[in-house]
Each structure stands twice: as C-alpha cells, then as structure tokens.
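First up is the structure itself, then whatever we jot down about it.
Each chain carries a letter (A, B and C) given by its place in the written order, and its residues are counted from 1.
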Amino acid sequence: MKFKGMAFVAAVVMCAAPALSRDLVFPPGVDDRFDWEGYESFSRTDLSDEVLTISGPWTGPDKVLVENVLAYFEAATGARVSYAGSDSFEQDIVIAARAGSAPNIAVFPQPGLAADMARRGYLAPLGEETADWVRANYAAGESWVRLGSYADRDGDTALFGFFYKVELKSLVWYVPDNFTEAGYDVPRSMEELKALTEMIAADGATPWCIGLGSGAATGWPATDWVEDLLLRRQPPGVYDAWVENAIPFDDARVVDAIEDYGWFVRNGAFVANGTASVATTDFRDSPKGLFTFPPKCYMHRQASFIPTFFPSGTEIGRDVDFFYFPAYAGMDLGAPVLGSGTLWTITRDSPAARALIAFLKTPIAHELWMAQAGFLTPFKAANRDAYASELQRAQGDILIGATTFRFDGSDLMPGEIGADAFWKGMVAYTTGQGAARVARDIQARWDSIR
Amino acid sequence: MPPLVMALMSILIGVTGCVGYVYFSNLVLDRVIFPASGQTCARNIGRANLVRPWLFLFPALAGSMLYLVFPFAGAFWRSLFDREGDAFIGFANYRALGADHVFQGALANSLLWVLVVPAAATCLGLIAARLTDRLRWANLARAAIFMPVTMSLVGAALIWKFVYANDADIGLLNAIRATLGAAGPLDVLQIPVWNSFFLMAVLIWTQTGFAMVILSAALRAIPREIIEAAIMDGADATQIFLRIEVPQIKGTITVVWTLVTILVLKVFDLVYAMTGGNFGTQVLPGFMMGVMFRDDGRASAVAMVLMILVLPILAWNIGQARKGGD
Amino acid sequence: MRVRARHPLRACRAANIAVLVLALVWFIPTLGLLVSSFRERDQILASGWWQAPLAAERTFRVRADAGAAVTEGGRHVIAGNVFANDADAAMPGRVKAFGVSSRAPAAFGTGLRADLVGGGSLSVGADGHYRLESPRAFGESAPTIYVRATMPPRFSLDNYRRVLADDVMVRPFVNTLAVTIPATVLPTVIAAFAAYALAWMEFRGRGFLIAASAGLLVVPLQLAFVPLLKLHQGLGIGQGLVGIWLAHTGFGLPLAVYLLHRAMAGVPRDIIDCARMDGASEVQIFSRIVLPLTYPALAGCATLQFVWVWNDLLVAKVFLPPADGVRVMTVAITDDLLGSHGGDWGMLAAAAFISMALPLLVFFILQRCLLRGLLSKAPEWR
C-alpha cells in the first residue's frame, strides 16, 4: 500500500523533470553551410506526444554537443528527447536491457557489445533500406554496413547499428614550434618516423609521450598502437582475420606487430620518464609533456579526441598540430586508417526512434555537430565547409581519403578479450613480458570463452 | 514534490509503518488471537510467544530474502550453466576457474588482503583509540584519522594518485625519495607483490578511522572498577591495555575485524581505479566484475568462491555468539 | 584527585607524539587533495601540491604580438611584457632567465641580449619587459620568447565556484540527501526489531538465522541487480527514489542486523529477566530497556549505513533513472568530472571535498553521542 502511493509520487516527480529544451545553437535558415531543407522536411513529422529516451557514452562537454544536435530534432518534430550519458555505459545498458528498462535508442561505442546485444535479441533491426542508404552515401559504405550488421537470436544477419560520429585514431600530435626550432620535418613514412625517433633521442631529447593509465581500462591506448602497426605491416585481410580470431592471437604476424610497438615503447630513451612510467601514466595526463619547456617529448600518438586534455588555452593548429601516423613506404599497403565510431541502435522501438534514425540520414544532422567540435563523418553529402576548424577538415579528409579504413579491433573483439585480456596483455608486455607469451595468454583466454 | 520532502515523508511513513506494524501485530496477537485470559491463558501465552519472534523478524526477513537470498540462490543455480545461460554444465565453471591462472592470482591476492587489511586496520584502530582516549586534543586527532572513512572512492583514488604517482613532481612518495637522493622516480604500483601492499595501505587508511571510533566506544564502556583494581595491583599502562582492556573488548574487536574482512572481500573499485587489476594486483571481486554481464555463469561461480572465503570468519563469529549468548 | 594524578593511563608525552604522528600520516594525503582543490589542472600537473604555497619556478612561452611592431630608426621593434596575461595577479612574477628555443628555454640571464635565428635580438628584463629588435620586418609570426620565471603562489576558488555554480553538485547534493536519509533510517529500524528477536527471544532456527545474517554480508550485490530491477519494474516502481530506498534497505539489513544483534545480546540478562518478571511485554522491554541501552550501537550502525549509501555509486547507477534530475553526487562526479573526456583533477578534488562535508558532520555528532557519560555505561558489543 504505502509503496504504491510512493511510486505514484515518484512517477510525478520523474515526469516533472525538465525535458531537454535548449536554444538552437545555429538559428535555422541563417547559415548557408547547413542543409536547412533536411531540417524543414522534418517539421512535417509530428511527434508532439512522443518521449524519446537515448542513452550514450558522452558525458560532460560532449553531452552538451550531442544535446545541441538533438535539440533540432526536438524543435522540428515536437518530440521530447531525453539524453543520458554514462561513464559506465557498457555495463549500464546491459543491466537496463536485461531488466526491461532499456531506453529507445542506445549509442554504442563498441560494435562488439552491440553484436552481443543483437544476438540476445535486445536490438531492433534498422531495415534493408537503411543498409542500402549507408552503402550508397557513406565513404567505404559497405564496410560501415558490415560493422553494423550482426546475427540476431535466430542467426539471421541484419543491420542493427547506424554509425554517426566517427573518430580517427591514426594521428600523431606534435608542437610545430618545437619541430621548427630543432629542425625536424614531419615524417611521411614509418621509416622516416622511426628515423626521426632515433634522431630526437640522439639529440638528447625524448621523442614520445605514451600513457596507458585509464583506471579499469588501463592499457587501451597500447591496443590502438598495435592495431595501427598491424595495419601497416600486414594486408587488411590479416587484420580482419585477427579480429575474428580466424588467425590466432599468437600468430607470428600479430606478435611481430606487438614487437613493433615495443620498438617504440620498450626503449627507455624513446619515451618520457622511461618505459616503467608508461603503464601507470594516465592517458589524460600523458600529452602534457609536449607542452613543457624544454619539451619532455616531441610526439604523442592519440585519437582525434585528445585536444580536450591539452593545457587550457592551447590553440590547435598554432600551438599544436597533428600528422597522419604514416605507413611503411617499403610495404606498399597504401594509407591505412584506424578509427572508431559510435553506433546508434534501437533498443525499444517507437515511431520517434525510427524518426531519429531517419533524421541522422540528413546532412544537417551531421553538419550541426561538425560545426561544433570533435565530429567526423564518412557521410559524403555532408558539407565539409561545416567543419568548425581547418584541423577537423584535415582529419575529415584523412578519413575520406583512406585507402583502407579499419575499425578499432579491440572494440570488435568479444568483451573479455577486447576490453580486458588485450588491455591487460598490453600492460604486461609494456612492463617487460615477452610478446609471444602475452599473445599466447590472450589466445588462451579467447579459447576459454568459446 | 521535491525529493527531500519525499524523503522525509518516506521516513515518516516507513518508520511509523514499521513501528506501528510491530506494536499492533503484537497487540492483535495478545488480545485477539491468543488472549492471555480465560481457561487457555497459559497455553495462549506459550503459543503467542512461539509466534512473536516471527512478528519482530518478519520485515527484516522479507527484505533480506527478497533482496539477497533469492538472488544469491539464483546465482548459485546460474553458476551451473554456461555463458549463455542455456546449457547446464554442472561444475564446469568451477573447474575452469581452478585451471585459470589469472583467477589463481586473484584468489591468492584476495587471501593476502583478507589476512593483512583487517589485522592492520583493527590493530591501528585499537592503538589510535587507546592513545587518543585521554588526550586533550583527541577530537582533532580522531577527526584526522576518521576523515578517510567519509571519503568517496573517487576522492580516495585521487588522493593516492598524489602520493604514489611515478613522478617526483606529482607523487609525494617519489618527491620524498628525490629529496633523499634517490636516482629516478619509482612506480610503487608496479613492484611485484609489494604493489598489493601499497594498495592495501589505501584501504587500511580508509578503515582505521572506522575501527578507531567503534573500539574507542568499547574502551570507554569497560567498567572503571576493573581498571582501578589493576592500578592498585601496580599494573602499568601497557599491562592494563594488553591484559585487561583488550580481553574485555574482544567481542568488539571481532565485530570490527569481521566488518573490515567483509569490506575487503567486496571492494574492487579501489584496485580498479588505481591499477585496473594490472601488475598482478587483481583481486577476486575485480576478477568477477571482469566477467560479469559477459559470462554470468563464471561470475556467479566467483561469487560462490568469495562466499567460501568468508566461512572461517563466520565460524569465529558464531562460536563467539554461542559462548556469549547461552 | 591524588589518585588521578598517579593514574598510569594519563596521556604521557610519548602518547602525544605517537598520536600526532599517526594523525599526520593519516591527514597528509587528505591535505594533498585539499590543496589541489584550490589549484588549476595545469598547476596540479606541473608541480606537487606541497610546493603550492611556495613561489614556484615556471617555464612558459610567450608569443610576441607581431601587430605591435613599430619601426625605430630603421629597426623593427616589438616591446611588451611577458606577464601581460597575469596582469591581474596581486604579485607579479620575476624573470630569472629567458631563451629563444624550447630546448634551451633559460639560456640567457636577464639583461643579456640573445641573438635570434633569423637575425635581430631579444632582451628580457627581470620585471618581464621584453624588447625584440630586428633589421628586417617581422613576418606574421613574430619570434617566440621562452621565459623561466619565479611566480608567486596562486590559489583560487575557481574549482569550487565552478562545481557549485554550474549546478554540477547542488542538485545532486540534495538528491543524495534524499536517497541517503531514508536508506539509513529504514534498515536501522527494521533491523532493530529483528536483532531484538534474535538476541532475546527463544525460537527454533535462531542460531541458523544469526549465522545466515552474517553470511549474507558478503553476497556480492552485483548478482542481485538484474533480478531486482525486473522485480521493481514488475511492481511498477521502476527506477526511482522508492526503488533505491528499498534496494539500500534490503542490502543494508544484514549489516544492521549483525551489528545490532551483537549489541543487544550484550545487555545483561538480569535486566531483561527482571523486566519479564515484572510483567513487561516484549514490546515494552524492547522500546524501554534494550533500545536506550544500545543507543551507541544504533548510532554507529546508522553512521556506517549513512556513509556507505552516501558514497555508493553502484546501486545508484542501477536503481535510479539515468536522467539528470535525480542523479546523486557520486554519479555526477564520475560522469561529469571524471568522465573519459573530463579529467579535471582540481574540480574533482573540490567535488570530493563537498561530498565529504556531510559525513564528517555526522561523525562529529556521533562523537558527541559516544562521549556522553550516560552512554559509557552501555554494554559492549559481543
């Protein structure tokens, strides 16, 4: 009795929570970088009574960005959108789905987890026409469809995830002033990068800042290194087979890539504060060495999100810049690019959820985030002038111009491997264990979950 | 309605509900069902007393059944199934755990934690309680020692980052080493085996204050006459402490020890936040979280192992309860 | 009084020193967090907190403003002050040395003249005034000046201001209070009844229940999340305050029962027996005798539960809806401040302190309870 009453009270309080109703950051119809037609066309969809709940991984400043985009969907359709970001999204969504309290839309940072959810029947398929749309409109469309398609409970494969917001991982950050003063050139090939590394060390300075620390996820930055290097030493087919474990983790080609990462990290003269500090330095703190005087390091390999952690007041393009983590000139494997992205899925079907996915297919949905910060897209029809900065445009061009695009392998592997054993294995390798042994242990773990 | 008003209302409803329930159910039992009057008076009193304990127990029993016993029983059942939860595989999860050297490492670490942390926290807490007992600035000292108890885990992890950081400019420990003339910074979280002790230090740091508060209350409760008598016999402070005070509060020491042990067996977020379970510091709860929601069968099996670890201390508690209670 | 003076338990100097050392060792890490909460993120990463009150040596870069170039007697000159950005600081810094390359940022002492790579020269005075001279015009990018200077200590309330102003913590603080108070009171009350039954009533299965209550202490909560959330959905409670109160009550019961049972079992048997002889009912014995006698245990038990619920992240994440309006502090801290795209340690430190305030207050109240003379007669926990 008493609980029923309270439940009612609770329900009232919850409904009274203010819906997301913020001002539109770019006044509709003004800026001609945006495709306002797409926005206008949505005002014909009337969803005034619908509530749309979205759960995703973005918190803090990023949450504001996504809410800014969603505000346009709200304004156009009248739906009430409530976005909730969580730092432990991966765990929360599994609990919510199993308990039957899933939101309408879940935004997965890891396809591996989405595949798992699809197999358990928690996701609604997006339909063949969405798959066709992605194929036709995304650069390397087929690979995006493949990354978003999984087997459902009955084993039938369908498209479950729509990629919106892509991140580039193959970037090396550096301070142009430091390079100019020391007379270093931006390397065009991996051979040059290695030569530069040796040269900086020979000059008595330290070439790299690397930090693997990330609380429970400690080790993940190293998995990006290994994946990037594997793509530069082996054809993409090997990478794909490795991700699916069609070739074992302890295959000589994989061990070779791990050891290539070791070339950088296990040489005490190449990393700031020595190899021992790599495993415990927080990845958020690791780029600070670029900005000290004298510089503690000259280069930092990290994805496109890292400027958030640069010292306040750092102007990108002037105080710091990036170059493409280059490929081996001698390997003839083109210009492979490693990236990741977020996957929008429907976890509780509703007309509003379908409408949102449709909204994400309009150029304006992409341009609105491009014009803010930290957003890259493979959508060819999105106006590249909409990018907020030259820097983002350059990253976007790397993405569009990649001869090979591969998704972060650790995000595609089963959780126990990609989000545990691989991370821990890389920490063990960085702190001195043999590459072959580490790879063998990871493979053993993989065998144990089959 | 603002959440706080709701909270106050819920307390009002909850507490009056609970108190009212006990009062009226007893009333009904004594007056209506088994009235202590008439011919069957004696029998009715006896019967009422058979039922009464369950009236007192019912809310707690229902709550813990619903929220702990059933899920736990379900977890045991689940631990006999495979990762999908479809196929019954008997004790295969347990056998797989036995063969897993990561699990073995975590088990060994957990045993180490269970041995070291409760002992250290209780002893330090006892010493702190005893020493601050007759101090003029006791409150200040106690506040300093108790402060970590109130700290959230995020705060604690951040605090110790400023102590352990592998950088003489951030980590206090390395700064001290640097002033003493040590060559380079040392990452204490990476020294095999010892790193576990550095992590334990954090938990000891947070739990000592808790032990101190409870133990000092117990120390104050010791009848003065006993101590005065010992003083008359010429006992010195150390003797009084070891021979009289400690035996007198043995029960409280068991309580504190048990509670810290329980905490040790549950805490994983600390290790998670500080090393992510790397460098051989993994503990059982952390290992369990690694497989939780991916392979629930395996995770449940780990939970059962945790349960077994606590059996000795449980036996100790029951033994004490028997000795004292009857 | 004379007896007191000879009392061997009086605090001697050794005890004073020992406590001082212990308290310091315990407090110093916390002090680090406190100091850090008044510093900015860049400062935290640049120097140890123990150096914060001292004048710190800092090396930084200044870009000369090419637009400010003037021609003096055929030479192009840019003049300015390296501390221009710190103009509002109460105490200006002092330049110790300067340089023209990042690798040797302190190659020249103040008053010296450094040659620029592209021709021309640079001089920097101790007060920060610099002068760039060149026979040729400066391009769009004027030379960069590197300066090593002693900067006065800098503290700011910015972290606290941001944490409190942006509504990052205020609403969550209230929410945490709303979650914590009922989740502390309810299990304590419910457990008190059960503990009394376990301690002073005879019935079959009593020993088993005592053991079980202790055994339940270690049940990992994570096991219960999915089934309980399903149950709450089924009951129509869903995710919300009511759900989390019930969850914390359920999860907190074993601890409360365990503690209170031990405390109540410690009440001398004679007292209870006397009361029974006098015809007191069980409810009367419970409320008039046992409860007052075990008051410290109740307070201690409630404090424990309070601190545990206050700092809980796990249960809050599962049993509260993910919407902004009902988030508690721990969730707000981890999601907004610690989030993988945050990492602002200064703000985090400030938030951690704000979240500590109330539990500390509870501690001081508890201290008073425990120190009241009346309570020293209370039985001990067995």
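Please note the rule applied: a contact is a pair of C-beta atoms (placed from the backbone, for glycine too) under 8 Å apart; a residue touches a chain by one contact, two chains touch by 3 or more.
Values in this document were obtained by computation on a predicted structure and should not be read as measured data.
Colleague: Edges wherever two chains touch, nodes for the chains themselves; is that graph a line, a ring, a star, complete, or other here?
Modeller: Its topology is that of a complete graph.
Colleague: Hey, which chain is the most central one here, using CA centres?
Modeller: C
Colleague: Looking only at C-beta pairs that count as contacts, which pair of chains has more of them, A-C or B-C?
Modeller: B-C
Colleague: Measuring centre to centre with CA averages, how many angstrom lie between chain A and chain B?
Modeller: 39
Colleague: Averaging only over C-alpha atoms, locate the centres of chain A and chain C and give their separation in whole Å.
Modeller: Distance between chain centres, rounded to whole Å: 31 Å.
Colleague: Please compute the C-alpha centroid of chain B, do the same for chain C, then give the distance between them in whole Å.
Modeller: One centre to the other, that is 21 Å.
Colleague: What positions in chain B touch 2 or more of the other chains?
Modeller: Expected reply: 3, 6, 10, 14, 161, 292.
Colleague: What positions in chain C touch 2 or more of the other chains?
Modeller: 45-46, 241-242, 246, 326, 334, 338
Colleague: Any chance you could list the residues of chain A touching two or more other chains?
Modeller: 6, 10, 13, 91, 95, 214, 282
Colleague: Touching chain A in the complex: which residues of chain C?
Modeller: 40-42, 45-46, 59-61, 101-105, 144, 146, 148, 225-226, 229-230, 233, 235-243, 246, 317-318, 321-326, 334-343
Colleague: Over in the complex, which chain A residues touch chain B? Could you list them?
Modeller: Answer in residue numbers: 2, 5-6, 9-10, 12-13, 91, 94-95, 116, 213-219, 273-274, 276-277, 279-282, 414-416, 420, 423-424, 427-428, 431, 445, 448-449.
Colleague: Spell out the part of chain C that touches chain B in their complex, as residue ranges.
Modeller: Listed in rising order, the residues are 7-12, 15-16, 18-20, 22-24, 26-30, 32-33, 36, 44-50, 174-175, 177-179, 181-182, 185-187, 189-191, 193-194, 196-199, 201-203, 206-207, 209-211, 213-224, 227-228, 231, 241-242, 245-247, 249-251, 253-255, 257-259, 262, 265-266, 281-283, 286, 296, 300, 304, 307, 310-311, 313, 326, 329-330, 333-334, 338, 345, 348-349, 352-353, 355-356, 359-360, 362-364, 366-367, 370-371, 375-382.
Colleague: Could you list, by residue number, the parts of chain B that touch chain C in their complex?
Modeller: 2-4, 6-8, 10-11, 14-15, 18-19, 22-23, 26, 30, 49-50, 52-54, 56-57, 59-61, 63-64, 66-72, 74-75, 124, 127-128, 131-136, 139-155, 158-163, 168-172, 175, 205, 208-210, 213-214, 216-218, 220-222, 227, 231, 235-237, 240, 248-249, 251-252, 255, 258-259, 262, 265-266, 269, 285, 288-289, 292, 299-300, 303, 306-307, 310, 314, 317-318, 320-322, 324-325
Colleague: Contact residues on chain A for chain C in the complex?
Modeller: 3-4, 6-7, 10-11, 13-14, 17-18, 55, 57-62, 82, 84-88, 91-92, 95-96, 98-101, 103, 175, 177-178, 181-182, 205, 214, 282, 284-285, 288, 292-295, 305, 308-309, 311-312
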